[in-house]
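Structures for review follow.
Here subunit A shows up in two complexes: once beside subunit B, once beside subunit C.
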Partner chain A sequence: MTEAAAAPTDQQTKGGRLTEWLMLYAGSVAAALFLTAVLVETTGGEWRPVMSALLDGSLRRPGRWGETLGTMAPLLLVALGTVISSKAGLINIGQEGQLAIGAAFAAYFGLLIGGPGPINVVIVLIFGVVGGAFWAGIAGILRFRRSVPEVLSTLLMVTIASQAVAYALGKPWLLLASEANRGNRNQVSEQLGADNRIPRPDIFGNEFPISVYMALILAVAVAFALKSTTWGFRLRMLGQNPTAARRVGVSQGRYGMAALMVSGGFAGLAGAAMLAGGGFAFGNYQIVPGFSGNVGWTGLLVALVASNRAVAAIPAAFVFASLRTGSGFVASTGVESKITDVMQGLLVLALLIPPAVMFIRDRRRARAATMART
Partner chain B sequence: MTQGLGSTGVGESTGSPAPKVEFSGITKRFGAVVACDAVDLSFFSGKVHGILGENGAGKSTLMKVLIGLVLPDGGSISIDGTIQRIHDPLDAARLGVGMVHQHFSLVDPLSVWENVALGDAGRLDPEAVRARVGEISDQYGLHIDPNARVGDLTAGLRQRVEIIKCLRRDPSIVVFDEPTSVLTPDESAQLFDTLRNAVAAEGRTVVLVSHKLDEVLSATDDITIMRQGRVVERMNTVDADAATLARAMVGREVSLRSEAGALGLITDDDSVDVEVDSAERDTTLSLTGLRATGPGGVTLLDDLSLDVGAGEVLGIAGVEGNGQRALADLLSSLVPLTAGSVRVGNTVIDHTKPGAMARAGIAVIPEDRHDSGVVLDMTVTENLFLVDQSSVANRGIIDMRAARDHASQVILDFDIQCSGPDAPMWSLSGGNQQRVVLARELSNNPKVLVAAQPTRGLDVGAIEYMTDRIRHAAADGVAVLLISSELEEILDVSDRIAVMHRGRIVGLMSRAEATREQLGLLMGGAVA
Partner chain C sequence: MGFLEAVWDILTTDSTYVNTALFAGLLAFAASGEWVAERAGTINISVEGMLLSGAFTAAVGYDITNSAIVALITGVLGGLIIAFVQAEMSHRLAADQFVVGLTLNILVFGLTGFLDRAIEPRTEIVTVWNIPLLSDIPLIGEALFGQPWPFYLLYLLLPFSWWLVFRTRWGLEVRASGENPGAADVSGIDVNRRRRDSIYYAGFTSGLGGAFLIIVQIGRFDPGIVSGRGFIAIAAVIFGGWTLRGTVGGCLVFAGALSFRLAIQGVGYEINSQFLQSLPFLVTVLGMAIFAHRVRPPAALATPFVRGLK
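The block that comes next holds the complex of A and B.
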């Protein structure tokens, strides 16, 4: 009866644990980079110029880190939504579709309502949230009224979303731009007007939409909401022990639905921010086929690598954004730019291995401690 | 078969036969704790050996050494005169040692024969397995349908599956670890017949590990009593009586009622401390005509009605699996009713709405705390505010410092052993997790306290603590519903006793009127 806790919280081991974590991360990232280098060499390239191009494209060249930050914002927003649904024990993997629908809603209603500048930017963003939440909400209704697993419904609705957006892009009464504005292109939406765009102030020769700040603030807000609000507390309870949650009055339908819709809302917000934020990566303030450009999928990876912690998603999103902006420059070295996709995959693995190793080690230690006590 | 107890020739062993199993000087330390301290022990073929001891006395560790789950630090085990090193359960199985564990290790969605075949190597031959199951069930009177889904079986039948699993490998030594905790008195008697049968007919060695005096007295040939890792007493069952055994087991005279209850020593003529006429109390919890069905249309509750008054402890006796769990789940808003109503005071509670029961002031110490009692991945602090955050939250924002301060106080008040308010719940031992649940449920000023098997798996000291707290809650005017399959616990704490069978109340009496025999009959389904 007098056994103390087995939690690894002893003061003297804390520093040791941090070192252990750092060593693990350094080791596995180095291994991923090494494998990439080997791959580049064996496919006939040279690894030095490739790595250098990657750095040039993401950070070093003028204006590039602004571009990277601009790319980071939607990735981070998608990841934050993923964190929320995962904490509630729900697996939303349809961000790619929710993002596309959010952007479509934002474009349609933003152009339809068209108020004075700043207010209209807010309207555009709000309709992005509404679109994403609506799309995730359908999966939510299927889940909580008809017990359809949300993993399947959210995933399959990505396909439907891309079809729906493609359809809307073909109809003048939906998204298709007027003939005068679309020229000879036949699937393109009207551009958002100059005063309906998110401002892109210039900082040290880098410019990025101020939605980056919004994403960063939201990351901190999500972390706080999950940790220190009753809503977040109950959401986590639902994710970790649904039975206990039900006993204390956390309705799975209500909270689960809310979590899915908030999650989709974040993806939709990311879509609206891409639309209104512009930048080299996300086109010209208009929707074109393939607008979502895998941001939804990559955002999922960001949340995965951050092991569903909102603040940890910030650096993770930055790393993935760097790979995206850097990959454009890799092509100039003559190496297939797809190599960065492989590198991205290897990095995901590299960043996932340390938590897994630590989990196994902790469990082993806990078991040893338990054996020593009983 | 019932006369088998006396007729197997306990005293007829000629001379002194060689022991089948011999422990000599077995020692096992876990850190500073000595679980087994130079234990010498012999088991013989054709005999039923009882090993008696409190929780933590070392009896389970000793058996784990025999089964290969624990490696001893010192000493040796010989089987048939040869010293053996048993490194893992496979070694043990090769040497003919089988064990029927206290907690079933069965896979619910699989059928009986599939569960029996689990762990087999090579190709699966369903027909052969089914035939073997049939053979064993005929041979030992363990009747069971090999094609039945294990999830649909009662606890007694599940245990049969465990026993068949064990006997299928034809072990020469069979260990039963606390086998009767899930059985009716009748089923227990049947089980002991089986034990006796296996011994008498086939010369196997049977070891019965238990903390219940009565069953050790009625089913064994000799008794070994362990305390704090040592063998303190050894006697032939014919020479033993309950009082001697209890003294040897605890190490002093047993005086406290709850201690006696924990050991199964409550006798029927024990007077009840204070007799309060239940008619005079205000009814706090009122259950009327409750009906509930489980998955597959199984009836869980069948027209169950019950009133519990303020300040009263109503004990619900019954063999596990007769709807007690459903009743506790209902009062935790986990199971909806198909008919009937639950009232607290004069308010009817909406049974379909999550959390409605908790909001109405029904506190629950659940049977399986990991199920609905705690969230293992949250901290002790968070677990203390699981039900109600209003005392530490302001407009939906939790004041973490206040919560932590409060938690530190509770940890002191309830003597919870943990590394602090931020310790994750999984790092606490079972008894301490139970204290967190108790502290939380009592801190919300409940009107009703439902305690389901609250002392299961706790040692004598912890049992006393728990029963004390339950009595105090009642003294403070809480209506207490105590659900337990331990008759002794019910008899020890309750003011009134109800017996549950197949989802209904089949008997209701005051403590003074209750006798063990009568309760036992009612539990088995006999009409009152």
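The block that comes next holds the complex of A and C.
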């Protein structure tokens, strides 16, 4: 009975629902932008030049959208990893550290093994994955053997990771470049050789590393794996109902561990891609102190904004990459470039509101409907 | 100088204990509220942002009025603003508590950094109150009884938190919401309301903690001023097995690690600086690895409650 009875009402509300969603999103995003503008104005700046500088820096000036795409790739990779662990009900928020360790592994083994060009690029990327997975794996072991909440262990290990990389950068037998190659800097790794770099073809005056395509393909692959494979199904089951998952034999230890390590692996891959992809944003094919530069944190936000859907992470990553590449141009307007961090945070909060509001409204309506029926 | 000798030097110096007490004080302000929030079943990772926001508003309050009391009040307001967003978004609307908390932390970091450049509040450390006789106890006397006066608020706040949770109806309802929200709901307790209350309480104590950071411990605002202490406070609650006594113990252990880092450089013993920087975090992770599985968390910890689901 319900299907036949419910169908027409669903039909009726469908258009209404879409408008409701759009109104909510438009309203909250406008509120976030408005707050940013108010903040700029009250601190003595003007918001129009700031917005225009953001657009210049991210898209309009020659060569800038290539830069934005190049920045998007690692953000997207980090976000994809986050999507996987979140689907399994695990909260990995240590991507910043996993990325740093991945990049360090990639630099160390990439320089150690050498080998002919394209193969070595693959080696660099693989060791990035290994590094990130290793770092997340520690948190996994703590979670499943010692019941330490992964929220905290991944988070605290960010600081440990950045200190570990700083340590390695100070030791010649680890990452520190030979004296001839480090100039007057004392914490810098050897550069990746010219044939070990990810190619950066030029397209309409914009150049970006081909790792952008890799990230896009992986986004589709992750969406497919989560939706249509047994592994993905089990992960989602683990995330949605751990008790049911245990009853049908999906081991929380095994699948949870796998999810965390894959998630860390993606962060590590992002680190390796930053290292081998180069570009203005990520330095000169070498590791320097603070190499990870908040890409891990921002990538995490991308996944949150995309509400853990792999394909939706693509546009989200592009928007956040634009804020990043645009922020360099904001300084010229006389407004502190940290305003982009504020804008980013407000945008994320704004994008969290509509789904939460809709959830509550739907429940209220459902309750009202059941009340009416009885 | 040998390592043991250096450690002995550190253990017999008053300043070690003073520093430990200051670090532990900050952690205890944040952790006492976080403990209440976790007893209500919500892991409030925005405590980091609450500390930072409280520190900033306290600095602004002090800058304007030159009064430590006003700084404490504005600090509390700063903590409560973040608590408002966290509580209303995660326990009125049903947004994920970790997502909201994490975003708030990042937002507060950017916002205080931005406003700090615009306002540049000037602050200073308030005067020390030596409590007669008690502050003359060797080693720990100065640490516990010879501090700037806001430190002594802790001696009120900690028993008050305990009383609130274990001796009031409100506390009973908070604990019920953390252990069995379904049963609490059926018996007429508004679970999400109690959780929101507890987050506001965490905002209150963390705001005090932020003010403490400015007018007692450091004396100058900087966006990097909190740098993970909020997370260590959360770890202290877990380390302490969700008891207040254990939480304070956790604060002392982690504060010991933080002050050891300062002290070992002070006595001239060389330890790798990166190792020292990560020492508090290593101790925290190891502490949790050893103790976390021996204790029982509140049964509904980090599980959102929506009436009629499950």
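Everything that follows uses one rule, which is that the second predicted complex is superposed on the first by the 363 of 374 C-alpha atoms of A that agree within 3 Å, B and C clash if a C-alpha of one lies under 4 Å from a C-alpha of the other, contacts with A are read in each partner's own complex, and residues count from 1 in each chain.
We take it that a contact is a pair of C-beta atoms (placed from the backbone, for glycine too) under 8 Å apart; a residue touches a chain by one contact, two chains touch by 3 or more.
Since the structure is predicted, the reported quantities are computational estimates derived from the model, not experimental observations.
By the touch criterion stated above, A:Gln240 is placed in contact with subunit B alone, subunit C being left untouched. Once the two complexes are overlaid on the shared chain, A:Leu35 sits clear of subunit B and of subunit C alike. With both structures placed on the common chain, the touch criterion links A:Thr230 to subunit B but leaves subunit C unconnected.
In the overlay built on the shared chain, the residue A:Thr159 is in contact with subunit C alone; subunit B does not reach it.
Comparing subunit B with subunit C, the partner in contact with more residues of subunit A is C. When the shared chain is aligned, subunit B comes close enough to touch A:Val250, but subunit C does not.
When both complexes are aligned on chain A by C-alpha atoms, no subunit A residue touches subunit B in the first and subunit C in the second. Across the interface of their complex, subunit A is touched by residues 30-31, 33, 35, 332-334, 353-359, 364, 371-378, 382, 385-389, 393, 396-398, 400, 417-420, 422-424, 427-429, 431-432, 459, 461-462 of subunit B. Those residues of subunit C whose C-beta lies close enough to touch subunit A in the complex are 43, 45, 85, 89, 93-96, 98-100, 102-104, 106-111, 113-115, 117-118, 228, 231-232, 234-235, 238, 272, 274-275, 277-278, 281-282, 284-285, 288-290, 292-293, 302, 306, 308.
Remark: subunit A residues 39, 43-44, 91, 93, 142, 146-149, 151-153, 155-157, 159-160, 163-164, 166-167, 170, 297, 300-301, 304, 336, 338-342, 344-346, 348-349, 352-353, 355-357, 359-360, 363, 367 touch subunit C in the complex. By the touch criterion stated above, subunit A contacts subunit B in their complex at residues 1-7, 9, 227-231, 233, 236-237, 240-241, 243-252, 366, 371-374.
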